[in-house]
Amino acid sequence: MNDARIQVFEAHQRSRGIELEAVKQTLKGLKIETPSWGYGDSGTRFKVFKKAGVPRTPFEKLEDAAQVHRLTGMSPSVAVHIPWDQVEDYGRLREHAESLGLRIGAVNPNLFQEDDYMFGSITNADQSVRRKAIDHLLQCVEIAKAVGSDIVSLWLADGTNYPGQADIRQRKHWMEEALRETYQALDDDMRLLIEYKFFEPAFYHTDLADWGMAYNTALKLGPQAEVLVDTGHHPQGTNVEHIVAILLDEERLGGFHFNSRKYADDDLIVGTTNPYELFLIFYQILAALRDDRRPSVQKTAQRIAYMIDQSHNIEPKIPAMIRSVLNVQTYFAKALLIHWEALSEAQADQDVLRAEALIREAFEQDVEPLLQVVREEMGLPQDPMQAFFESGYLEKIQERGIGGASW
Amino acid sequence: MNDARIQVFEAHQRSRGIELEAVKQTLKGLKIETPSWGYGDSGTRFKVFKKAGVPRTPFEKLEDAAQVHRLTGMSPSVAVHIPWDQVEDYGRLREHAESLGLRIGAVNPNLFQEDDYMFGSITNADQSVRRKAIDHLLQCVEIAKAVGSDIVSLWLADGTNYPGQADIRQRKHWMEEALRETYQALDDDMRLLIEYKFFEPAFYHTDLADWGMAYNTALKLGPQAEVLVDTGHHPQGTNVEHIVAILLDEERLGGFHFNSRKYADDDLIVGTTNPYELFLIFYQILAALRDDRRPSVQKTAQRIAYMIDQSHNIEPKIPAMIRSVLNVQTYFAKALLIHWEALSEAQADQDVLRAEALIREAFEQDVEPLLQVVREEMGLPQDPMQAFFESGYLEKIQERGIGGASW
Amino acid sequence: MNDARIQVFEAHQRSRGIELEAVKQTLKGLKIETPSWGYGDSGTRFKVFKKAGVPRTPFEKLEDAAQVHRLTGMSPSVAVHIPWDQVEDYGRLREHAESLGLRIGAVNPNLFQEDDYMFGSITNADQSVRRKAIDHLLQCVEIAKAVGSDIVSLWLADGTNYPGQADIRQRKHWMEEALRETYQALDDDMRLLIEYKFFEPAFYHTDLADWGMAYNTALKLGPQAEVLVDTGHHPQGTNVEHIVAILLDEERLGGFHFNSRKYADDDLIVGTTNPYELFLIFYQILAALRDDRRPSVQKTAQRIAYMIDQSHNIEPKIPAMIRSVLNVQTYFAKALLIHWEALSEAQADQDVLRAEALIREAFEQDVEPLLQVVREEMGLPQDPMQAFFESGYLEKIQERGIGGASW
Amino acid sequence: MNDARIQVFEAHQRSRGIELEAVKQTLKGLKIETPSWGYGDSGTRFKVFKKAGVPRTPFEKLEDAAQVHRLTGMSPSVAVHIPWDQVEDYGRLREHAESLGLRIGAVNPNLFQEDDYMFGSITNADQSVRRKAIDHLLQCVEIAKAVGSDIVSLWLADGTNYPGQADIRQRKHWMEEALRETYQALDDDMRLLIEYKFFEPAFYHTDLADWGMAYNTALKLGPQAEVLVDTGHHPQGTNVEHIVAILLDEERLGGFHFNSRKYADDDLIVGTTNPYELFLIFYQILAALRDDRRPSVQKTAQRIAYMIDQSHNIEPKIPAMIRSVLNVQTYFAKALLIHWEALSEAQADQDVLRAEALIREAFEQDVEPLLQVVREEMGLPQDPMQAFFESGYLEKIQERGIGGASW
C-alpha cells in the first residue's frame, strides 16, 4: 500500500470535514458473526455441489471459522444450528472455540428438517408435534447457556402451501404460546431473536411472514424478544433500511442475517447484488447510534448482532466467508464517511438534491486506503484473501475429502 | 330467472350441507360504501379521460351514489374526501344524503394536493406545514361529527423519493405526534382508520408503508385507531388475506378499500384481476365471524367498514360502481358457501388436498341463482346493470356536460 | 349426480347461446401429460419429505401414471427425465407404457445435476463440459426416437450467480451452437421445446431467462423449435396469457408446464393459487383455435403439448396428480363456455364493462355438471379422486416402502 | 482539486493496469441527450407540483437544455415530444437549437394524450383512430427530417385494463401494420427506436410489454428498427444488463431512456436508487465495444443513443438534469476502469470470486479525480452544479413565473 494514497485519502476526508480517528475507532469495533453452517455444503433444491475439504464436525467448522477471524479480525463468534451442531458435550465445544480465539454466538433451533414438521412445528395441528418442537426450543435455550451464548435466534419455517390448508389464526395462537414458554426459559441477560421470511419453504402463507408479524410477536413476549432482519427475506422492492429504522426506533432491532439477493432468498454473498442497499442500512444504524435525543435507541443500535447467513453453492466456502466479512466492513466504512452535520442541514432545508448527493458522496468514497490502515493498526494482513490462499490451510483441509457437513 | 335453476341450486347446496337461510340473511346485511370521488374524473399521470355527465358538485355525487344504492340495495353510505367535497354547510350535505336514502360515511382528509405538501404534510420538516396539516385533520374530525359519520379514514401520502432526503425516524415521531392530536379530538364512538401503502406517490420510502407500520401507529394511539387495508397497496405476491387474519386476531382491522390490481396500485374494478383473492379475504373474515372462542374478534369482524376505492379512467363511472358492488357481493356470497365443519375436520386431520378442495369448491359455486333470490326478496331489480341502463339516468346527466369533479 | 342439475345446466348454457355438443367434444379431446418425476419424491432445498409408496423405478412411475389416466381419461402420455428415467432397454420401457395404455411423451434432458455442470452445461467455459452436455442432448434425441416420442423438451438451468462471473454473450453463442447441433439430430416430425425461467437455480443471470430469449433461440434454430411456457417461470405480475397469445400468433408456442405459484417457482398444484389466470390462458388458446383467418395459428394451437410439472412436497403424489389433471380440465371447460360472438361484438364496440363481464361470466359457470356428463360418456368414474382412494392402489404400493425415486 | 489526489489516482490506476489516456478519450466522447419535457412540469397522478421558472415554449426548453450542455459538455442534443413541442416552423426550432450549440435529437410521437386514444391508438378497434395515429407517426418522421434528426423514438402506451377487453392478437397485427407504414417513411439513415414497458398506463396488458415484443416487432420491420431500453420499464428483479447484452448481440439495441426506480416506473434521477445496476449496464456495453470478434456488435454499441427520461416532481428541473448527466458519466467512468484482461482470465478459469471481485473493484474506484481532469481538459467548470447555481440563470428564469409547459 502506497503511503501517498493513504495520505491523500486522509487529506481528502479532512477536507470533507470527516474526523478519521473516530471512524477508525468505530471500524475496529465492528464484529460480524459467521455461521457454522456456512462452512458446510449447501445449495439449491436442484443440486448441492459438494466440495472437498468441507468440515465433517462442529469442531472442524469452528476451525474454519477461526481462519476467517484470524485474517479479518472481525469474526470472533460463530453461530451454531441445532441439531446440525449437536455434540455430546457443549462444554467441550465451547472450550474448543475458546482455544481458537472464538466464542459461540447465536444458537439457532432447527424446526424444519424432521418428517414430523411437514405441516408445521410449533403451529402443527398435532399437539404432540408442537410439544416436541417446544422442547427443542427449550433445549436450545439450555445449549445457549451451556456454551455461554446470550442469543437464541429463531427462524420459523412454518407455513402452508394452499388456501384453506390450515386455520391461520389458530396457528398464530399456537406459535405465541410456544414462544411464550421459550421466552420464559431465558435468563435475564439473554435475548430471543425472531426472524421473519416472506416465503419459502411455504408457498401460500408463512406464519412469520414479515417484520410486522415478528415485531408483534416480540411485543407480546417482552423486552428480551427482538426482531432479526435477514436481508433476503422481503418482497421485491421492499425498503429494508426503512424497516431497520422503524425497528430501531421501537428498540426492537435485535440483529441481522446478511446476504444478498436479486430475486428471492438467493443467499448470495452479502454486498454483491446491490451494495448501495447495504450501505443505506448502515446509514440508518449509524444515524441511530448518533441520536443523542434517544439514548435507548442508541443502546439498541449498539447491541445489534451482525451475522452472516448465506448458502455458497458454487463458491469455495472459507474464501466466500472472508469476502462476505470484508464486504460488510467496506460498506459500513463508507457509511462512516457521511457528513452528518451537512446532511442534517440539507434535510432541515428540505434540499432534496443536496441531501441525496451527500449520502451518495459517502458511498462513492474508495475506502480501501482506510481499511488498509485499520488492518495495519490491528496487526492484520493487508489482503486477507490473498493471505488465506497463501496460508496453506486450503491444502491442509483437503484431507477431509468430499461429503462433509451439509444441510 | 328460471325457477328450476333456483331449485336446483338450493337442492345442491342442501346436499353440500349448507344452510341457505342463514346465508341469505348474511348476504342481505352486506353493506359496501362507495366513494364520492369514484363518480368524478380520475386517471393516470399520463391522461385523465374526462367523461360527459360527471357530477359537478358533492351534491351531484351523492345523487349518482343514490342510483347505485337504489339498484343494488347495498350501498347506503358514501365516503367523502375533503376538500374535494368541501361545502359551506355540512348539515345541508347530510340532509341531501338523507333525502336520497343515503348517509355520509368515512371522512377522508386530503394531505397530498397542496403545494405546501411537496415534502410531506404531518411529516414535513417545516413546523408550520405540519401545523396546517394537523389542523386539516382536526377539521375533518369536526366535519365527521357534523355529517354524522363515525369514521375518519386517513391515507397518508407522505414519503421521500431519495435516500437521505429526510430523517426517517424524525418523521415517524412527527407523524405519531400529529395523529395523537387527531385521535384525541375523536368522540368516544368514532374511529380513526389508518391506511398504508407500499409506494406512490413517494418512490423511496413511504412513512406508512405497510400494515406493520399502520398497526404499530394504531397500537400507540389507542383502541379507536384501526388499520385500513386497501387491496391494491401491497408488494407483489403479498398474502393479503393473511394480513387480514392477523389484524382481525389483534382486533385492529378497521376497514377495506376494495379495488383490484395486477402490477401496482392499479385501482381497477374490484374482483376483475384475481377474484380468488377477494374470496379468500372473505373466507378469513367469515371464519372470524364464526369464531365463538373469541368474541372480541367476532366484534371486530362485524364492524369492518367495506369501502370501494377505485379510479375509473376508461370505464363509465356509475356502471363501473354498480359492477364493483356486485362483484364484492358475488365473492362474499361464495365464501358463505364454504362448508365450515368439513373444513375444520380436514384442517384438524392436516388433509391438505381435502382442505384445499373444500375452499375452492365453494369458490366454484355459481351464486347467480342465490343472488337473484336475494334481490327478489329485497325488492331489487334482477339485473341492476341493465336496470340502470334502462332507467334513463345516464341520458339525464348528460346535461352536466364534460369537465365535472376530478382529482 | 342429480339429473335435474344437469338439465338445468344445459338449459342455462343454451339460454346463454352455448352449443354444448361442441363443448363436450372438445373436452373429450383434452390431453394432459403427466411427468414421471411427479410421482417421485421432491421438495424444497430445506427438506424433502419422503413418502411411503413412491415408485422405485421408471416402470413403477408408469404404473402410477396409468392410474391417473385410468381415472381421468386425460393423461395417456408420460414425460420422462433422463437420467432419472434411464433404463437399459428403452424398447422395454415403451412396451411397458403401452401395456398400461400409455405412451412415452416428452423426453427431458437433465443438465443440472452433475458436478461438471456447476458453472453451466452447454454454456460452460470448459469445452469438454459443453461437449458432454451436447452429447447428453443428442442421446435424449435418440431416446425420444427409441420410445416413440416426437418431443424433446429442454429446460436449461444454466446461469450465473454474480455480475462478471461469466461472459454473457459468449455463453449465448455456446448455447446456440449446442442447440443447433441438437436440432439437426431431430427427425422431421420431431420438435424441440425450449423452456425459459426467470431465475433459480441461478441468481444473477439465467441464460434462457424469458420468453424473448427462448423465442429468439427458436427462431434461429428453425420451425421445429418452439417455446415451452412453464406457468411458474415468470417475474411477478407478468401477464402470462399475453405471452401465450404472442407465441401463438408467431406459431411458436410448443407446450406448457402447468403448475401454480404465488411467489417464485413454487411448483404447486395447478389452478390452486390463481385459477383465473389458468382460465385466461385457455381463453387465448381457444380464441386462436377459432381464428379462421389464420389457419397456421390454429394449427399451432391444436398441437400444443399440455404437461404438468409440479413438485409435491407435502401432498400425496398420485392424488395430487389426479387433482392437477382435473383442475386443468375444469378451467379449460369454463373457457369453452365463453360466448365468442357476444365477446367479439363487445370488443368491436370497445365496451369495456361488457367485454370483461362476458369473460368473467364464463369463469363463473359451475362446470361440475358438464364434467359429470363428459365422464359418464367416456365411461369414467364420477369422482376420480374418490375412485382412486377406494381402488386399493394406495394400499398396494405401500410395499414399496420409503425412499423411492427422487431428484 | 488537489493535484496530489489526481496523481495518486493516476498512479493507483496504473498499478491496477489501467491505461488512463484511452479512458479519458472515451469519457470525452460520451454524449447523453436530455429530453425537452424534462424541463417542464410533471409529476404523479396525485399531484404535479408546479415550479416557478419552468419554460413556457419549446424554445425556452432548448435554452434550459443549453445550460446543461454548457456546464457538463455532454448534452449537445435534445429530444422533442410532439405535440408538446409542436411549433409552426421546425426550421426555426432547429436554428434556435443550433444558435445555442445544440441539435434536435430523437423525435417522440405522443399517442396517449388525446381522448380518441382512450382504448388505444394504432391498436384501436376503430379504424379511423388507427389512421389518425399512423398519420401522427408519419408526421413525426417528417418533423425528424425537418429538424435534422435521424431518430424517431416510439413509446406506445397502448394496452387494456381488463381481461377480454380486446383481442390481443388482432391488436398486434394492427400495431405491426402501423409500424410497417411508419418504417417505410424513414430515410435510409434514420432509425425507428421501439420502447417497451411492463405496465402503466395500461394495467392488464400492454401491447409492447417487454423487450421480446419490441424486438420481435423490430425484426419484422427491418434493420432500421431497434429496441429502446427504458431502465424503469421492467418487472421487479429483471436483470436489465442481461437484456442489454442480448440486444447488443442481436445488433438491435438502439438506445436508452435513463432514470431510476425502486418500485414501478418511478422516473427518478438516474443512478440514485441502485447505482450498481447502471454500472453493470455500462459493463455490458463496454465489453461489446471491445469485442473484436464481432465488428457488427461493436458498431451497434457505438451508435447507442443515450437519453435521459425522468419526471422531476419534487426536484428543481435544471439542477436535476445536471445531476442526471453527471451520474451517468460517473458510472460510465467506473465501468471504464474494469481490468478486462484479468476479467477474461478469471472468467476462463471460472473463478467466481475473483471475477466478481474484479467487477466490483472497478465500481469501488472513486472517479472524482478522473472526472476533474476530464472537465479541466474540456474547459468545463470543476463543479457543474455549483457553477449553475452561481450563474444567475435560475434567478433570470423566475420571470417566466409559474405554469409553464407540462404534460
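We call the chains A, B, C and D, going by the order they appear; numbering starts again at 1 in every chain.
Just so it is clear, contacts are C-beta pairs under 8 Å (C-beta built on N, C-alpha and C of every residue); 3 or more make two chains touch, one makes a residue touch a chain.
Note that this is a predicted model, so its numbers are computed, not measured.
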Path length in steps (a step moves to a chain that is touched) from subunit A to subunit D
1
Winner on C-beta contact pairs when C-D is weighed against B-D
C-D
Please tell me the distance, in whole Å, between the geometric centres of subunit B and subunit D computed from their C-alpha atoms.
40
Check each residue of subunit A and list the ones that touch at least two other chains.
119, 161-163, 198-199, 204, 236-237, 239, 262-263, 269, 272-273, 276, 314-315, 352, 356, 360
Of subunit B, residues touching subunit C in the complex:
2, 4-5, 7-8, 11-12, 15, 236-237, 239, 262-263, 269, 272-277, 314-316, 319-320, 323, 330, 352-353, 356-357, 360, 363-368, 385
Which stretch or stretches of subunit C touch subunit A in the complex?
42-47, 49-50, 112-113, 115, 117-119, 157, 161-163, 198-201, 203-204, 236, 261-264, 266, 268-269, 272-273, 311, 313-315, 407
Touch list for subunit B against partner subunit A, complex:
119, 124-126, 161-169, 172-173, 198-199, 204-205, 209-213, 215-216, 219, 234-239, 241-242, 245-246, 248-250, 276, 280, 283-284, 287-288, 291, 297, 343-344, 346-348, 350, 352, 355-356, 358-360
